[in-house]
Amino acid sequence: MEANAKLMSMTDAVKKYVHDGAVISFGGFSATQCPMAAAHEIIRQGVKDLHVVVCSNGQAVDELVGAGCVAGIELAYGGNGRFASTCFRFRSAAQSGELKVEDYSNYHMTLRFMAGAMGMPFLPTYSGLGTDIVKKWRYGEEDRRHDPRLPVKKLVLMGNPFNRNGGGEQVLLVPALMPDVTIIHAQKADVLGNARITGLIYADVEQAKAAKNLIITCEEIVETDELRKDPELNQILGFQVSAVVKVPWGSYPCAVYGCYDYDPWFLRDFYPKVAKDDSEWRKYLDAYVYGVANREEFLNLIGMERVERLRADKTIGYNPVLNRS
Amino acid sequence: MAGYSLQEMMAIIAAREIKDTDIVLCGTGISMLAALAAQKITAPGVSIFFESGVVDVKFAQTPLSLADPRIMNGAIRLAGLAESLSLLQNHTTGPNVISILGAAQIDIYGNLNSTSIGDFSKPKVRFSGSGGACDIGSLAGQFWVFMDLGKKRFVEKVDYLTTPGFLDGAGARERAGLPGGGPAMVITNKACFRFDDASKKMYLHSFYPGFTPEAIQEEMCFQVDLSRAKEAEPPTEHELHILRTECDPERMVLKG
Amino acid sequence: MEANAKLMSMTDAVKKYVHDGAVISFGGFSATQCPMAAAHEIIRQGVKDLHVVVCSNGQAVDELVGAGCVAGIELAYGGNGRFASTCFRFRSAAQSGELKVEDYSNYHMTLRFMAGAMGMPFLPTYSGLGTDIVKKWRYGEEDRRHDPRLPVKKLVLMGNPFNRNGGGEQVLLVPALMPDVTIIHAQKADVLGNARITGLIYADVEQAKAAKNLIITCEEIVETDELRKDPELNQILGFQVSAVVKVPWGSYPCAVYGCYDYDPWFLRDFYPKVAKDDSEWRKYLDAYVYGVANREEFLNLIGMERVERLRADKTIGYNPVLNRS
Amino acid sequence: MAGYSLQEMMAIIAAREIKDTDIVLCGTGISMLAALAAQKITAPGVSIFFESGVVDVKFAQTPLSLADPRIMNGAIRLAGLAESLSLLQNHTTGPNVISILGAAQIDIYGNLNSTSIGDFSKPKVRFSGSGGACDIGSLAGQFWVFMDLGKKRFVEKVDYLTTPGFLDGAGARERAGLPGGGPAMVITNKACFRFDDASKKMYLHSFYPGFTPEAIQEEMCFQVDLSRAKEAEPPTEHELHILRTECDPERMVLKG
């Protein structure tokens, strides 16, 4: 294999690994480290009927749902923190019933990815016992029998075979997730796919390892020898990676620790206005997603001057003079 | 009643209950301010963490989400969800964890709905989802709730039970196999509630200056015991000063 | 609580947290990062009837077994790599039957600690299906019923409730471990117990978090603010720690990455000679363990000149001119 | 037969079978040298990792254990057992993993005993234990065995089955639910064996220059098919040169 055979354009990576009907997972958490450049390319390529599995994703999920790419979603939280505690297109699609939402908790989803990453069929937890998250299933057993993308059961309650002296008599098993493709956005990667996420890692590493195919989008491509200097900090191993895509500002309008801040203008002023209104939303997609060929054109449309103002102070990881009020 | 906002009152009511040996799992917003205030006023040893994976934060600017870069700088630990949520289920740390939650609906047993109104499969209103709230309610040593009073929120039966309180009463958590201690306080904009040791039902513990028990009961769909209620001590000058100048100097949470 | 209430001498930490009959776990792997100073203090205090649970520990287990402190052990591997592929005192105690050895694999033991760390009753794996590790139990069900230190079953075979389309029809559940006390040796800790292991972490972090009480022994006590500079590298959180003990050269004759190398003289020339012979062994314990009051006296007996020669080159983490042949 | 040692022959036999896309889980000693030799001769893209948690090593001095500090410097990843052993069970990486094991006993189906001789509860000889060998045999895409021939080692039935080979024959691994592919090669000091696709029994694949199939059979307790055996190609000058000068320059493994 060529040493840099995995290095490709976003267009090629999405074309090669994101198919109609795929089970897909996105890294990041709320308004940080969402793989937004990848999400836009998926919208642009008109991928349909995706089944999305995430922990607490905001912006990427909202735009994909709004663009009609998503048929169903299993998640814990769909929001952007205090910018948009519930994502707008996600909310309206869930309310209209056009989007099927299967609810789990953050721990459930994390454990499900971890089970996939570790090659286990399930993981046990006590979280959720007695709640409607256990009792109410959006996908019934019949749906599940016919759709191989879904686990045969939402979750399973079992007796604890190691129980001694009361307590912990029953336990919940949550089924493993093995997405057809996971996309995560890292600060640094090499051409082989070895990658480093700096700062919080959310459930990115579990999501990455659980995947059948893994696309790493990154701010910067570095030499492998640079990554070797701090091996404890490299969470993603090249041999688990299918594609590496270099895309600076790839998470904008979301933040990337140590690289750039979130954009309060986009998240608080601009996006809610377009996302809350169906015709504005259509215009947004036409201009900002379908109307551009790639990330560079999108950023130019936003305005590089605006974008550059988000650049982080390297020491503290964000922009301390950003106007957030 | 001049001199402090009800939001500030809520933060201080919570802060006063946090002890030095507690481990507080925070959300952003007012629950975070309560933990910070406790740390700066009476409980310097308190540990603070967030479900996104940050432990022992030392931020200079108020974070707006659990993954805001502002939450990361200067922490003692940056990891991820698996690590932080496992602290809840861990037998040694879990019982010491206090967490403060919000919700859309609550019932007399402290069960919460943070996810949707109406039928869960085609909801009238869909919220973001329970995130870590189900995990916290299930596993943490205790949880507290921050909510504004109102008949739409304090309901007979929650539409979608996403965070377990005492379920249907005494002994129900144990029967379900939940390891955590369940709800301990409900801190509203007008009053603070606790739960009866025997019945596990919510009762009025204190009302804020300017409000009466009867008026508070009017804003709830279920009847609570009012007989144990006392008037709450308003925030002191010192408490307010710390809260305003050291916990949220940019007024990102405590709006003018 | 006093800020440095957890900082104590090895004598006090062992007295306070290591009791007769305790379930105890030691960090490190083969001849690296074994908490040897702690092991010697346990021997010196005459602790009895320990039930040891480890992954792949060498030197600490061997000396504790040889000194008669251990009644039973659940482990995957007891050796020091190429210095002593099987530990000598461990071997002879296992062969005589005086030491009960319950065999698991490294993955089993790691998962058992992970289950304890995550507060789960068990974890699932496919490792070991069809082998005698599953079929042959050193502690029978009767033993287990009467001894609350043991899980009620060595492991449990169950059907996979999420199975679809053949494959993975059954799965093995390994029971959680929650040692009464775990002892790990770290390069750095602060007085609150926040600690950093540099280099490989073996199963140390899982062993630490699974424990009811956790003793951190460390080469160096540092300021908390120093640890805050690289939060991704601090695996141990102060609020999970019971005691912090500063003990330079605390792993000798085993290595500590970045601090010092293993001692080939001790591990290959000296120790096998004393460990293979019962009367030599008694003399060794009398002189090197019972005959000294603390770590400092032990190191003086070994000779500080010898010990100092092991010091690592900071950049590469070991001593490149060490004579190993 | 002059010019190379049998140990060198074993290392080279293994190295030749390693492909560019393989992920090799090594032990210390000769299995590590085989992987390094492959990387330096024919498979530069091969990934190497160790169960202790090191990935893609670049060491300057030969490590003497899986946790030798020499194994750590310059790696692409340093983690722990949970991470590295999970690579075996992971559905994407596991099938690409090759691992090379040693053992005290082996039977015709490639089942191994690495733990004790005699009754397991009061053994005649106790070894260190199976470490990660049980995990590798259960989960890896394939495993190879490095063992010296001898009737004490090549036995009818292993005393204590700690690493699963093909158990009791064709279909047995599948029935037990083992995801890994099982044993593929047994590389001894005199010959190399493989396993029949249909019967899953070991057969003689090649014998080293200077040895005969019949003499090799004499050193085993069970009868193997000798009909497919060919003489193995001895190591080339180039292979030996790389092995000696680049893989173990200190001669820590390949003893003079």
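Letters A, B, C and D name the chains as they come in the text, with residue numbers starting at 1 for each one.
Going forward, contacts are C-beta pairs under 8 Å (C-beta built on N, C-alpha and C of every residue); 3 or more make two chains touch, one makes a residue touch a chain.
Quick caveat, the model's predicted, so the values are computed rather than measured.
Student: Which neighbours do chain C and chain D have in common?
Tutor: Per touch definition, common to chain C and chain D: A.
Student: Report, in whole Å, the distance between the mean C-alpha point of chain A and the mean C-alpha point of chain C.
Tutor: Using C-alpha averages as centres, the distance is 38 Å.
Student: Taking each chain's centre as the mean of its CA atoms, how far is chain B from chain D in angstrom?
Tutor: Those two chain centres are 56 Å apart.
Student: Please set out, as single numbers or ranges, the residues of chain A touching at least two other chains.
Tutor: 119-120, 125-126, 168, 171, 199, 232
Student: Counting only residues that touch at least 2 other chains, which ones in chain B make the list?
Tutor: Residues 72, 78-79, 88-89, 139, 179 of chain B each touch two or more of the other chains.
Student: If every chain is a node and each touching pair gets an edge, what shape is that graph: line, ring, star, complete or other?
Tutor: other
Student: Show me, using the given definition of touch, all chain pairs that touch one another.
Tutor: Going through each pair of chains, those in contact are A-B, A-C, A-D, B-C, C-D.
Student: How about chain D: which of its residues touch chain A in the complex?
Tutor: The touching residues are 20-21, 23, 45, 47, 55-56, 58, 72, 74-79, 86, 88-94, 96, 139, 179.
Student: Over in the complex, which chain D residues touch chain C? Could you list them?
Tutor: It is residues 28-29, 51-54, 60-61, 64-73, 78-82, 85, 88-89, 115-116, 120-135, 137-139, 160-164, 167, 172-173, 176-179, 250-252 of chain D that touch chain C.
Student: Which residues, counting only chain C, touch chain A once they are in their complex?
Tutor: Interface residues on chain C, with respect to chain A: 119-126, 148, 151-153, 156, 158, 160-165, 168, 171, 173, 175-176, 198-199, 232-233.
Student: So in the complex, which bits of chain A are touching chain D?
Tutor: Residues 1, 3, 116-120, 178, 194, 209, 211-212, 224, 227-228, 231-232, 234, 237-240 of chain A touch chain D in their complex.
Student: Help me check something: in the complex, which residues belonging to chain A touch chain B?
Tutor: 28-33, 55-56, 75-83, 85-87, 90-91, 94-97, 101, 103, 105-108, 110-111, 114, 125-133, 136, 138, 167-171, 199-206, 255, 257-258, 261-262, 312, 316-318, 320, 324-325
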